[in-house]
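Every chain is named by a letter (A, B and C) in the order it is written, and numbering of its residues begins at 1.
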Amino acid sequence: MIDLIQMIVNGIAVGSSYALMGLAMVIIYKTSEVPNFAQGEMALISSFFAMMLLTSFNMSVYPAFVLTFVFAVILGCFLEFAILRRAKEPNVLGMIVITIGIEMILLGFVSWKFGAEQKTMPFPIGPYDSFIIGDIFISKLEVLTLVAALLLMSVLYLFFKYSKLGLAMKATQQNSVAAQIVGIRTNRILMMTWGISSLVGAVAGLLISPTIMHPFMMWDPMLKGFAAAVMGGMTSLPGVVIAAYMLGIIENLFGGYISIEFKTVVAFVIIVFVLCVRPSGLFARHYVKKV
Amino acid sequence: MDMKRDYYEDVQLMSSPVVIFWFTALIGVLYFFPLFVGSYYVYVANYIAINIIVVTGLNLLVGYTGQISLGHAGFFAIGAYGTVILMAKAGFPFLLALPCAAMVAAGFGFLLGLPALRLEGPYLAIATLGFGLTITQIIGRIELFGGRDGLHAPDITIGSWVLDTDKEFYYLLITLTILLLFFMRNLIKTKVGRAFIAIRDADIAAQTMGVNILYYKTLAFAVSAFYAGIAGGLYAFVLKFIEPEIFTLLMSIMFLAMVVVGGLGSMLGSIAGATLLCWLDLKLRNILDIPYIGDWLENLSKHWFSITGVSNIQYIVFGSIMVAIVLFEPLGLYGIWIRTKKYWRTWPF
Amino acid sequence: MKKGLMLVLLVFLTFLLSFAPNLFAEEGVTDTQIHLGQWGPQTGPAAAWGNVARGTGDYFKWINDNGGINGRKIVYHMFDDGYNPAKTKAGVKELQEGTGMFAWACGVGTSPGLAVRDYLAERNIPWVGPAAGSMHWVNPPQKNLFAVYPLYMGEAKALVKYAIEKMGKKRIAIAYLNDEYGKNGLRGALAELKAHGMEAVEQVSMEAKDSDLKPHVMKLRKSKADMVLMWTTVGHSARIVGISKAMQFAPQFMSTSTTSDFPLMMNITKGLWEGVITATLGELPGSGYPLLDKYKKEVFDKYAAKEERWGVFYYAGIIFTEPMIEGLKRAGRNLTRESFIAAMESIKGFKGIGPEVNFKPYDKNDMYSRQGASQTFLVQCLANGRAKQLTEWMDIK
């Protein structure tokens, strides 16, 4: 019993970082229908930027993080403005390849600047400090990740639902021509989406980097986040978070009770089955296509 | 300009004697060039030819049928492992083992095609991506397949001909490549190919016209997987050694990038895309040896970046080329070729 | 489609025009130069091991500045293969058939090495010190291939033996990476346990891709092991130790020589690596070993890039090539591949900064004719990142 609870707790803990990356992907997908493969590397470069501020410029943690968030927003906006907006006759596949190209550029840049050796980031909370309740353990950093994921989800949910900007983003997604006609600058809206998404990604990156930092650290969270986003339906914010927790818990239970060897890939197998039943994910409305 | 005036012009493989002439000349060059170069260039040619096979197959799926696959490294792995195991453990001759393994890959392609009937866009991307990751994980756990220790490819013998050098293998490979490309072109020019294109352009409309979506979508997956399987089987003999970690997600991503960079829905594009990206991939590591630019980059690294990570510039260059091609020419290299052709046709007027 | 294939034709014509003639009498050796090559991952997921190849490069520079070898200077050709065997093979062929290498040094990784092993063997091109402790190099032994890296099986045996005999550990669990590296460690440990009439209380395998290791640590914890042997990557080992601490699971941890870079390990575990026992590849920094201090001063301080760290991987690039330099020296002025191989075979009891190296004339049934080093010693990590030596150099055949 203790084991079961511990596994569920572990699942929720690991699900939080999937949730953050999933949220970041969904925000972009919601407005531009581009699955952004550069998401992980955008978070990566922000984390290394924070690392640089902390170690090379000897800044203290909080101002460094604030600067990092500003940097992340600018980075997201810049990528949209300088690269994606310039695409001639964009199609989804072309956009995917462009984001893959951006990913390579950012990855190369980070490895070039910071080298490949493993590092960890100084952080107010040690990565291995934990709360112990009875026989159940959860690390403090993971509690923070959990709080961050839920908080960001709620804020973004309210933002998309009620704020003027959020509504404009929704309008852009649903019909960009109509949105332009009613006076929404869709280009600017897209740029802002990229900024927000990059910010959410940076939060995920900063919460991963106290444990380990190297140029490939974001691959796994990004893929799992993407998987969670797809399972949740690519458009629903709470859906992503729920799906991310489901994935985390399933992974841990599967690893604990069935086979630890296939733990990493079980998520993808489950997704295939889920998608067979609900082709648009668990929490999105499935639009039946018409001619 | 490239207008088709009647049905037969649309279905013929070669549009004019000029094309036939160039094509024969090309085949001549391809068959004679190993006589003049070292085995390194033959190896590079082998590597590129294998990628051309995969990319042609993937283009059928992505470019002609409008699906997406991020799992082709999985089919590639099935082909490689299937061929080696059938030869080493079951004693099959190479020319039998290769198509058998590719048929297994095609079988998996068919299975993956079933969920793909209902999925599209990112949903299909993640399903295929999961397939690619899972298959290598499973292979790595099966002791018969050598687990993570990998497998050595046996020598190929066809009759009494032992192919143990790159050059000998090249002749086999180039023959297979040309045959497979011909087959693909033939397929696209027939009813099946037109059904694929119809599905890509409007699947529901195609269905109303009587195209059996179930049949053609899974067929596209199976044929595409078959090509990847053949290429994988050949790849095992280029490396002479396989292990599951070779068939990474990055490999699948690269295949897709080759398709898009080359040009969606164009065989010439597949060839050009595979050639360009493979060549860059192999050559860019020498970027620091370029006179002046290399020195400048090294200097730059010393002052602003790290000299230990200087090789990573190749990623940046690679990524930039990919982005630039897709950004400025949605049809990829094939689009650039069409444009050039159009420009020169009327020159100097 | 019209004239469409011309593009392809052009591509291949460029190929035709771009080759260079190769005119060396003895491949890779001239009156003043010896060409040596090495591959090393400077990019990609394995780039953290790229410093092996850079260490070798700096060492060769030092050799050249101190007069070279028998009047010849080493020309070192290092290329980046990104840990992709297809690229390794391409690069080796390009350098071998373009410039012409006399011999190959080190080379990180089992699968990159395996992709070129047969190619080098067929041409009898010497290859010294592949930087991976794989059985593939010496089983069966090959005439051209001299392995310096001690076998992981022996290392694992030494660690388990120490735990049982010196520390009196009773319940031993093993966490290993599911690849050749991890499994060799596992095999060694199991064999040693069996020799003591014991069994592993738990065996947990993980994939290199795994990033969430809590289920694995839970299994280890449930087994109530008092010693956990880790045969995993640097990052994984750090996490296992960290998560164990978070879960208040405190067995004695032991680990392979790949994690013997204590300053690095202390840094990424934030100090939790203290007390971990590992095997070693060679003498350790700060141990006062004179030759190592000399290398630090004359090789590292002088030639290394400013971001380079004087760590185990960096000077592993020296450890693996020291026997090669010795062989080149012994081969004398009349350097051919035959004379070099003969000189390598004559190496007995050679001691650099690594373990003692012995080779024997080629015998296809004796893997120790080509497996040069089979010694290690055990160390424990102290609070300041320094190492406490637990044993002397010991034989692990």
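Criterion: a contact is a pair of C-beta atoms (placed from the backbone, for glycine too) under 8 Å apart; a residue touches a chain by one contact, two chains touch by 3 or more.
Being a predicted model, the structure only gives us computed values, none of them experimental.
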Longest centre-to-centre distance from subunit A, chain (CA-based): C
Does B-C or A-C have the larger number of C-beta pairs in contact? B-C
Mean-CA-position distance for subunit B and subunit A (Å): 31
Cα centre of subunit A to Cα centre of subunit C, whole Å, reads 36
Where in subunit A do residues touch two or more of the other chains? 108, 111, 115-116, 261, 264
Please output the residue numbers of subunit C that touch at least 2 other chains, ranges allowed. 42-43, 47, 50-51, 178, 207, 307
Where in subunit B do residues touch two or more of the other chains? 137, 141, 306, 308-310, 312, 314-315
Where on subunit B is subunit A touching in the complex? 62, 68, 115, 118-119, 121-123, 125-127, 129-131, 133-134, 137-138, 141, 202, 204-205, 208, 249, 253, 256-257, 260-261, 264, 301, 304-306, 308-310, 312-316, 318-323, 326-330
What residues on subunit A touch subunit C, complex-wise? 3, 6-7, 10, 13-14, 108, 111, 115-120, 126-130, 132, 137, 139, 211-212, 214-216, 220-221, 251-252, 255-256, 260-261, 263-264
Any idea which subunit A residues touch subunit B in the complex? 29, 33, 35, 37, 83, 86-94, 96-98, 100-105, 107-109, 111-116, 223, 226-227, 229-230, 234, 261-262, 264-265, 267-269, 271-272, 275-276, 279-281, 289-291
Where on subunit C is subunit B touching in the complex? 1-9, 11-13, 15-16, 19, 22, 42-43, 47, 50-51, 54, 79-82, 84-87, 89-91, 93-94, 96-98, 111, 114-115, 117-119, 178-180, 183, 207-208, 305-308
Sites on subunit B touched by subunit C in the complex: 2, 14-16, 18-19, 22-23, 25-26, 29-30, 33, 36-41, 43-45, 47, 137, 140-141, 147-150, 152, 238-241, 243, 245-246, 268, 271-272, 275, 281-282, 285-286, 302, 306-312, 314-315, 337, 341
